[in-house]
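See the structures that follow.
Here come two complexes built around chain A, the first alongside chain B, the second alongside chain C.
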Partner chain A sequence: MNMLLEIKNLSVSFSSMQEKILALRNVSFSIQKGEIVGIVGESGSGKSVTALSILGLLEKNATIESGSIFYKGTDLITLERKALQSLRGKEIGMVFQEPMTALHPTMRIGAQLAEVIRRHRRVSWREARRLAVESLAEVHIRDPELVARKYPFELSGGMRQRVVIALAMSSPPELLIADEPTTALDVTIQHEILKLMQELAIHRGTAVMLITHDLGVVSQVCRRVVVMYAGEVVETGTTDEVLRHPRHPYTRALIGALPDLAEPGQPLMAIPGDPPDLRRRPPGCAFAPRCSRALPVCFEDHPLLELAAGESFTHYVSCWGGKTG
Partner chain B sequence: MKPLLELSEISKEYRKGRQRFQAVTDVSFSIARGETFGLIGESGSGKSTVGKMILGLEPPTAGTIRYDGKPLWNGTRFSRLRPGELQIVFQDPQSSLDPRMRVEQIITEPLLALPEAERREKGSAERLRQLIARVGLKPEHLNRFPHEFSGGQRQRIAIARALITDPSFVVLDEPTSALDVSVQANVLNLLQELKRERNLTYLFISHNMSVIRYMCDRMAVMQKGRIVETGSAAEIFARPTHPYTRTLLSSLPILSTKKVDTHV
Partner chain C sequence: MSSTTTNPNNLSTVAAARMANPFWHRIRRNPLTLFGLFLLLLIVLMSVFAPWISPYDPTKIDIAGRFAPPSAEHWFGTDEVGRDIFTRILYGARLSLGVGVAVVVCAGLIGTVIGAISGYFGGKPDQVIMRLMDIVLAFPALVLAMAIAATLGPNLQNAMIAIAIIKIPVYVRLARAEALALREKLYVKAAVTFGIKPWRIIARHIVPNAISPVIIQVTLDIGDAILLVATLGFLGLGAQPPTPEWGAMISIGWKHLLDYWWYPTFPGLALFLASCGFNLVGDGIRDILDPRENRA
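Coming up: the complex of A and B.
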């Protein structure tokens, strides 16, 4: 088995004003080598907290309550800070939504890249500089020599995100965590950045954990999808299973809410109510109060993430009603 | 049929010292009463500048804009027909609502532009109560500040603010681009209902093609300040003729072409 990352029953809480907020609850999923997995959910669903947990970048007021994050068999939670730091950036790269925040504003692009390269490889400045230009070419920047001499503010948003990807890929990593990497970009550029990530996955065997709110992006590049709601995994499976045969009422509602598939003039499927207050989680399913199919049991007992009925061994759903579909 | 809004060869050039920047070039289109017209383009295409010129926020440097047959601009002077006739809803309700004002003040502020008698009539407590109920807010919300609301609720506040003067024409500039998908669905549904109930005409500015396809009757595609294609939304999505429109459509994620089983 080529398991690269395996998250098991991860629960994370935040304390704020003497209150405890359970931001992640028993989150489990895995990513194999060279695989692009989409983590989908709306704001507050816990997708970014999951990423920060893996990277060891959670804020001070966060506590990992339970669970483990195995990376190549080592639990990252128990790993020392130093060891995690060297893993981060070298084997695990990251790309965030706003490229400007990841770049040093007063340093030329080439120098930034060279610095990162020298951090992970024992090469001369001259060689690092050459590798920097090379890595810009690899993310399809047309004039890499010229761009290497520029400052971040001189580049467009799409170019900057390419530079950030080049930075993240320079080590090169085995796992790339990309949190809404294309959300701030125009569609035509989004398309190119996604193609680029796909290329990296295929040619370099980099696994990508792609965090997005956009199901269209998922359908374009992901092999598997993890759907999150209120800090829990509610459904996971291959992209085809989850997007074409969704079993969880939340996944169905999310797809139904997209204008992509709606007839003009017909109302979009809306989800009544609001996501639950994470300070006061309902004892049963977190989606039950908004679910049109909720049964009495849904309000009392929490469902487990279990295999959905059918032929598949990859499609899991956490729903009392959804297992039988 | 006589169009409600008609743009003829509108251009906008920004100048700063010797620098010149042509933001909009020879843009022409017309919108019929009751229509939703979509303006789509990427960042920097000039679509929001067109919206500003219609609202009177920026004078065009060439061309004419007619509203209900009468020119909106006399040189750099904006001639409004009736205060509150044209309104706008912006993309980000976080930055478009004054954080120090209570919701009631925010919603009723546009009334200040109206004549005394009309202001009193439109600002009546009963009318305000009905309007906020219609957009999905509660009376107790009126006394709160914008930061106490979610993104979707803030956009409902912005919609109520735009409708308080009973406009005929509303510019929607990326009204749902900052919202989650399920919240976007609620806001788009609300906008469709309000349009029917109040016989509104919309100019819907967006970079999101799925939203444009779903919301608009006709549309124009903008690239680098120019319109490259105009037509019915259904026709353009089925048979795009301009290469740029084709590029935009081919970049659209493919979810829309698949059949999905979503019945609940």
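Coming up: the complex of A and C.
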């Protein structure tokens, strides 16, 4: 059995003042052991909420309405707090978008790493220090001994993100959740960090859930893609299927808006309109108001995530028009 | 190359010196802080070297030499049982400084820990803790301290406990405010995702990063605590005679003010200078550590 993480029909709502906002709606996808899966979507599409739900770190005003998150067969939602706490960092690691603020400002790098290592392994401080330096070397930091003695402010953004990855990978986890790990970095560093994560995934068999809004990043490293829109999964499949033969108009629009993947000679297409107001979900497809191919049925009935037409058994799409065409 | 360019080496040495000790550099530019520092240093040295500075015993009674006016022999005169007032002030400085620092540091530590816990966890425990602190703050500090000291019984230890109790809420509020802000910081959230336990996050992430306003408040409060100790002593609720304590000395001495002016005057002056010194230094440290209140 190779299934590592399986999310089934997950719905999460946030309640503010009087309103209740459905941030995730029937989200389902899975991640196999050692697989890199990209979660794509624009801001507010529920990518980060999904990640926080897995870790059990949703804010207090969030409620899980329904669904389950199976990790190695156990449902994380029903798991008690203590057990989840020891799962965090040990089995599931997380890398954040902002490497500038994700490190403790007044603790030396080595001490931070050693602290996380000691949390999950019964080793002495001396041994933890040694492992800390070792883990810095594994994320290709030159002169790890020296860096271990530095404070975060003495490091560049790329270096800090490497340290954050080293922190997240120190146990090492089976699943690494990376929430836009390269967004805050410049392009050359982005590439190095992606290569590093890919390498770690291959060597250690760590599965990576790569949250991003950058399809270019996805095409570089991911085996499979989950496209999210307005808190729903609208299309999922192998990277090849989704990027080469997109079925959902939203996925097409995303690709059309990307210089690297768009057809040469064609003008770049911006997606008209705004993301939907989650307080007032339309009864039909959430993307219908912005969709250029919307049919009357799109505004009335919500489409289901179903196998797209074709030979593939991995390509799913949630669109009235997209299944066939 | 050209002679008009300033020597870069020179510049960098100045900058390096400034970088090496920015604290001292900034204190030096503030004459009042410097004066406060000088006062404190003087008082500390005098209290430490008291036995070498004065040949007298602070509690040795010499009825024959009672109420002697200031002279070369007794610089500040003698009291109603012939004890040397200068000597008693020196030993009193030991007591006042020791008690002032100990009480405020204790209150600061306890308050910071309570505040960090309260702010980090939030919710019901936070509500309960903060309402308790509000109750303490609702009373005038001195009145509450007197009430606590009187209830526990008049001695120095109980006076210290009373002062610590009335000081704690200030630190709880300071630390809680910092904890509330720190709780939202990404590195604290990151620590949670690494599975670090809450008490450890409070100890390693919240308390160390919430400590700087507490340090400022501690330096400001020591002078106040010294005054409070003396006040309780003056009212008979603190150190009991014959302990050489400034407040107690003033308390007995003021009855003799018209006949023997030196008796209450010199302990009063010592008290004034000590609390003055702590307040000036406290202000100076606040200016340095708190960039928001920076006056160029």
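Throughout what follows, the second predicted complex is superposed on the first by the 318 of 325 C-alpha atoms of A that agree within 3 Å, B and C clash if a C-alpha of one lies under 4 Å from a C-alpha of the other, contacts with A are read in each partner's own complex, and residues count from 1 in each chain.
Operating definition for what follows: contacts are C-beta pairs under 8 Å (C-beta built on N, C-alpha and C of every residue); 3 or more make two chains touch, one makes a residue touch a chain.
Remember, predicted model here, so these are calculated numbers, not experimental data.
K.L.:
Tell me which partner A:T106 touches in the superposition: chain B (first), chain C (second), both or neither.
P.N.:
Once the two structures are laid over each other on A, A:T106 reaches chain C alone.
K.L.:
What's your read, chain B or chain C touching more residues of chain A?
P.N.:
Touched residues of chain A are more numerous for B.
K.L.:
Touching A:P246 in the superposition: chain B (first), chain C (second), both, neither?
P.N.:
In the superposition, A:P246 contacts chain B only.
K.L.:
Is A:D274 contacted by the first partner chain B, the second partner chain C, both or neither?
P.N.:
Touch partner of A:D274: chain B, not chain C.
K.L.:
Have a look at where A:S43 lands relative to chain B and chain C in the superposition and call it first, second, both or neither.
P.N.:
Only chain B; A:S43 stays clear of chain C.
K.L.:
In the overlaid three-chain picture, which partner chain does A:E59 touch, first (chain B) or second (chain C), both, or neither?
P.N.:
Touch status of A:E59: no partner.
K.L.:
Per the contact definition in the header, classify A:H191: touching chain B only (first), chain C only (second), both, or neither.
P.N.:
The first partner, chain B, only.
K.L.:
After overlaying the two complexes on chain A, where does the chain B footprint on chain A coincide with the chain C footprint?
P.N.:
Looking at chain A, the two contact sets are disjoint.
K.L.:
Within their complex, state which residues of chain C touch chain A.
P.N.:
185-187, 189-197, 200, 204-205, 208-209
K.L.:
Contact residues on chain A for chain B in the complex?
P.N.:
Within the complex, chain A contacts chain B at residues 42-43, 157, 186-188, 190-191, 213-217, 219-220, 243-246, 249, 252-262, 264-265, 267-271, 274, 292-293.
K.L.:
Report the residues of chain A in contact with chain C in the complex, numbered from low to high.
P.N.:
Touch list, chain A to chain C: 55, 57, 85-90, 93-94, 96, 98, 101-107, 115-116, 119-120, 164, 167-168.
K.L.:
Under the definition above, what is the set of chain B residues touching chain A in their complex?
P.N.:
Touching chain A from chain B are residues 42-43, 150-151, 180-186, 188-189, 192, 207, 209-211, 213-216, 233-234, 247-248, 250-256, 258-264.
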